[in-house]
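This report concerns only the one structure given below.
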Amino acid sequence: MIQVGIVGGTGYTGAELLRLLSDHEQVRIRVITSRTEAGKPLSGLYPNLRRHIDIAFSEPDIKVLSECDTVFFATPNGTAMTMARELLDAGTKIIDLAADFRMKDIEDWRKWYDMDHACPDLAASAVYGLPEINREEIKTAQLVANPGCYPTAVQLGFMPLVENGLVDTGSLIADCKSGVSGAGRAVNADMLFCEVVDSLKAYAVQGHRHLPEITQGLTEATDDIIGLTFVPHLTPMIRGIHATLYARAKGDITDLQSVYENRYADEPFVDVLSSGSHPDTRSVRSSNMCRIAVHQPPGGNMIIVLSVIDNLVKGAAGQAIQNFNLMSGLPEATGIAQAALLP
Amino acid sequence: MIQVGIVGGTGYTGAELLRLLSDHEQVRIRVITSRTEAGKPLSGLYPNLRRHIDIAFSEPDIKVLSECDTVFFATPNGTAMTMARELLDAGTKIIDLAADFRMKDIEDWRKWYDMDHACPDLAASAVYGLPEINREEIKTAQLVANPGCYPTAVQLGFMPLVENGLVDTGSLIADCKSGVSGAGRAVNADMLFCEVVDSLKAYAVQGHRHLPEITQGLTEATDDIIGLTFVPHLTPMIRGIHATLYARAKGDITDLQSVYENRYADEPFVDVLSSGSHPDTRSVRSSNMCRIAVHQPPGGNMIIVLSVIDNLVKGAAGQAIQNFNLMSGLPEATGIAQAALLP
Amino acid sequence: MIQVGIVGGTGYTGAELLRLLSDHEQVRIRVITSRTEAGKPLSGLYPNLRRHIDIAFSEPDIKVLSECDTVFFATPNGTAMTMARELLDAGTKIIDLAADFRMKDIEDWRKWYDMDHACPDLAASAVYGLPEINREEIKTAQLVANPGCYPTAVQLGFMPLVENGLVDTGSLIADCKSGVSGAGRAVNADMLFCEVVDSLKAYAVQGHRHLPEITQGLTEATDDIIGLTFVPHLTPMIRGIHATLYARAKGDITDLQSVYENRYADEPFVDVLSSGSHPDTRSVRSSNMCRIAVHQPPGGNMIIVLSVIDNLVKGAAGQAIQNFNLMSGLPEATGIAQAALLP
Amino acid sequence: MIQVGIVGGTGYTGAELLRLLSDHEQVRIRVITSRTEAGKPLSGLYPNLRRHIDIAFSEPDIKVLSECDTVFFATPNGTAMTMARELLDAGTKIIDLAADFRMKDIEDWRKWYDMDHACPDLAASAVYGLPEINREEIKTAQLVANPGCYPTAVQLGFMPLVENGLVDTGSLIADCKSGVSGAGRAVNADMLFCEVVDSLKAYAVQGHRHLPEITQGLTEATDDIIGLTFVPHLTPMIRGIHATLYARAKGDITDLQSVYENRYADEPFVDVLSSGSHPDTRSVRSSNMCRIAVHQPPGGNMIIVLSVIDNLVKGAAGQAIQNFNLMSGLPEATGIAQAALLP
């Protein structure tokens, strides 16, 4: 069994990680830390885990954590970077579900996250954990930066177009709709039931932290300049991201559908739907699958890609386990192969 | 009191019309017709109207309807056109909440609605009932085509840009999110609670009937060619449309905010929010207001307009009453001035 | 115009009061106080009121408030009692939407609300504002205690049985289901969207503050001892209370339906549905109506009463205005006669 | 591998059965029948199963079905009884998720289900599949009647009280709240999103088919007469049943909590929460667990039991698999041991 530690298990991402790991046949959860909940049983916060994980939160302790084979950080931004070096030095592998190691341009990171970076060298060497792009690097990585939820849905949706030079990369648009769990479990009046239910709004139209992360990823796939407009929306559902992507075809594209089917033919967690489909987010709820449909409406050169994921699974905890499996030499789908919950 | 008839009062649009008219001080509802519900009290279908409107559904009868001053059609597409001429000849005014008289290009109408038109001449003379564009024509109209829900939100959002020649009209994008009531009350397995709740999807990406209606409206406001990509989405809320609109600025626009504020300064039902705002659909729930915010994110020439309405009010029944008030010489806001319900 | 002040307008009850009063033809809202929001425009918190009420929150100021004809307290428990005497002395009428003046037994109040009472004499003289019970006293009252939401639904449901001595009052059960807005707008992790949506739970089974309030009301209607079991539940809807009431018939009751119809025949805001009906909470959403159905299933002596209200309207702000109208000599339904919003 | 057939896989119960069986390590799904969908791939109706179960619906065929080791019926009431004898004769085991074999009193069954029974003798010999009551009989059964959703939650909640003679069994009350999926996937205007969301109502107060099923079960556990009032409610959530149970204690009960803990100490799928708890339905969403809390509020002899299940899992498909495991000699929790999905 692989010994696993989780730092910061109180948020939804941590809870989802625990739910999935509790069913992972090769994992023993050794420690779950939380400064605020130390000493309390997990099931107080997460009654669904009662009788599934019999463990209490504990204070974060580098020594205990460094005895784990792998440590997941499900912490706020800025935490993993303060503990990473010590753990790596002890030979422990790290998967950070926050943003500390996602961006290579540290200056840019500092601007968007409004703090100094504790270890720019580690950010430089970290592997961006999107298996569909970086599978081989992930297999040998010590430190993996798990992608953000929007960046996962958007990059998987745009990638076949960008990699193949099929569209004008200077005028990409990602209109994204997210469920409320993407905002985490922090107590925020704006996320009260009565504030968000039966309503919908855009937010952060002037700039969202996932914009530079997506741009970085797409830029690595092409020699062209990436110009991306990204507008996230908050929608009254628990889980799910629906990315509606717009790109202008450079010329005639004879078989757009095949471009997508070929790109993802061997991917266990990307499902290209048949032509004309409209994936709904519930088709991936609680699952690690990303479902994609691609459209080219008549009378124009606009390509529209619909890409859906569960923000807590393929957009966070599920993808982290996918990375963990790769890093641990396990079959990639171990513990994350379940079908989505529907209805 | 103005005598009013309603044809087809069983859908959500009809119910909303009844709710609003029941509180309209200048209206007497004389007749509500429904072939399927004839003889049954209104409150069977709509328990909220119990003790508010004491009337039963009746069979449609041209004679009774022609004794009304104004008849609203809240019917499926293709019904109003079969009864319009007789009513108009009798001097009765008509407001059609369906699509029979919205499009001037009858050939195009035939294609999108897949039926022949019973009276192309009436379609030609009908006034498109968007008061913010056609207020004066509406005042003297006998036959008003009430706009679709998406077209209302999208046209109000794009109009200041298009009228003033500020953007490239050939590459407009309208990414729209609608509540479920927009689909009507027809029994459709896809609209069951368990099928749409906690989920989100795009639909009709290959083409939606509201596309030519929007294009027609925008074309009338400019000499330039309109090229519009329109993608509607179904979202798990009852009411509300959120239109997220994308347009490329032609050049530097020094005061975008003022363009919007000036355009709608005297409008009772268009509220331009302060710069940087993100309107949520609940801020207009049950009200006839359209709230708009306009953004120009740094580092590009993209203008993003956020436009929200209640699809059943400003997108249907409320706008119909706004038109009715104008046609009847009443103050424009009579009966539709209430604040939105929140929470 | 009647000059009105509102103390504590930041919660959902205050917002609903403002929404309804903004449409009340005899009211001028003179002042809205909030310590935390003083100086900020109302529409910041409540975007639905933008362009409807053009006023900012201000610091509570007894002098300004005492210039009002009537002051509504939409404050937490324990606030109104500290300001009431001064306002009453100045001739200002008070309607308290919190619990300060609801209970006559001050010792009991102290126990349930865990604080001392600042003015037990005022609590003794205050009129309990349930118009269906106390209409005449309300008309001449200076200080009205507006009932709680559960107590309104439960008392209206049980009253005809208790008043007429038809049931065993020692074994009453009220199983109540409430929408989330009943918990107010206070920031509480338990009321986050992701915590309450798509779920249901009972709470406060060991004892809820509304239990003694209901017991007091029922006790006044009978010489018998009241024994009540009250279990509230939190349900994933915004508004609405559904009280399911169980009582054992003492003997054969020949026409239960008539008992209810007769009791409420002249009530503008109690609607007794026809025999066999099942009211849904949406049939009263946003309206001041209470709808009641009464059942006696075959094969037993159990009477089941179904009583629904909108907790923010008949359960709070709407009933406060109903009381205000009575206290001000206005027609009882002024400003609160609208039909429910459906869908 | 055990060869399994499913008759009627188009409803939510069938879909849930498929989802769970697709992850069951000892099962090979051999055939899924549906008259209406024959020939179509499963993933057309259930996009979540795409890439998980690669099979199409087929016409029901006794010959194919009788080659299976076990056949699950996820059909409307009245179907399984027409095919059961032939399958049993062929040595195939049957688990019926509908009501054909749940009741022993055929006369009563006929009355409640309004049809004649095709094989009363099989109904007589069928084993009622509630493992917590009938585990040993289930192990050797050929024909198992899987309990209804309400009966599962209610019987598990009441059983310790009734078995131990602790309460007046003549005055039991079960006030139950169900998610919408309990109504199935049949196209019914009353189950449209806009009809049930943000609302709550009781239904079938005059009598529901699950009443005699519950009464039968409780009667078998005691010599006393069972008198039960059962009121189901429809609530705006997808999954979940919350049973709030009321029973009068016969005398002083010194340790109610222990009664429950002892009764269910060895049960893998009944979790007795600590004293004072309030289980929420989401704590069992998608899981086969039943969580129970028991209360005795001060000042009376009323015992209140809170019992929650997922109606599609422990209330249907999960319990069917639990029975299947027992009938097949497999560990009881095989394939149904997952933690609930939260949030």
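Order as written gives the chain letters A, B, C and D; numbering starts at 1 within each chain.
In this text, a contact is a pair of C-beta atoms (placed from the backbone, for glycine too) under 8 Å apart; a residue touches a chain by one contact, two chains touch by 3 or more.
Small disclaimer: the values here were computed from a predicted structure and weren't measured.
Between chain A and chain D, the least number of touch steps comes to 1. For chain B, the chain with the farthest CA centroid is D. Inter-chain centre distance (chain C to chain D, centres taken as mean C-alpha positions): 39 Å. Averaged C-alpha coordinates put the centre of chain A at 46 Å from the centre of chain C.
Centre-to-centre, using mean CA coordinates, chain B is 36 Å away from chain C. Chain B has residues 12, 181, 194-195, 197-198, 236, 238-239, 279-280, 282, 285, 343 in contact with two or more other chains. Taken together, the chain A residues at the contact with chain D in this complex read 12, 15, 19, 22-23, 46-53, 181, 197-198, 238-239, 271, 279-280, 282-287, 289, 291, 337-343. The part of chain B that touches chain D in the complex is made up of residues 12, 180-181, 185, 187-189, 191-198, 236, 238. Across the interface of their complex, chain B is touched by residues 171, 173, 175, 177, 179, 194-195, 197-203, 205-207, 227, 229, 231, 233, 235-240, 242, 244, 246, 248, 276, 278-282, 285, 295, 297-298, 300, 302, 304, 306, 308, 343 of chain A.
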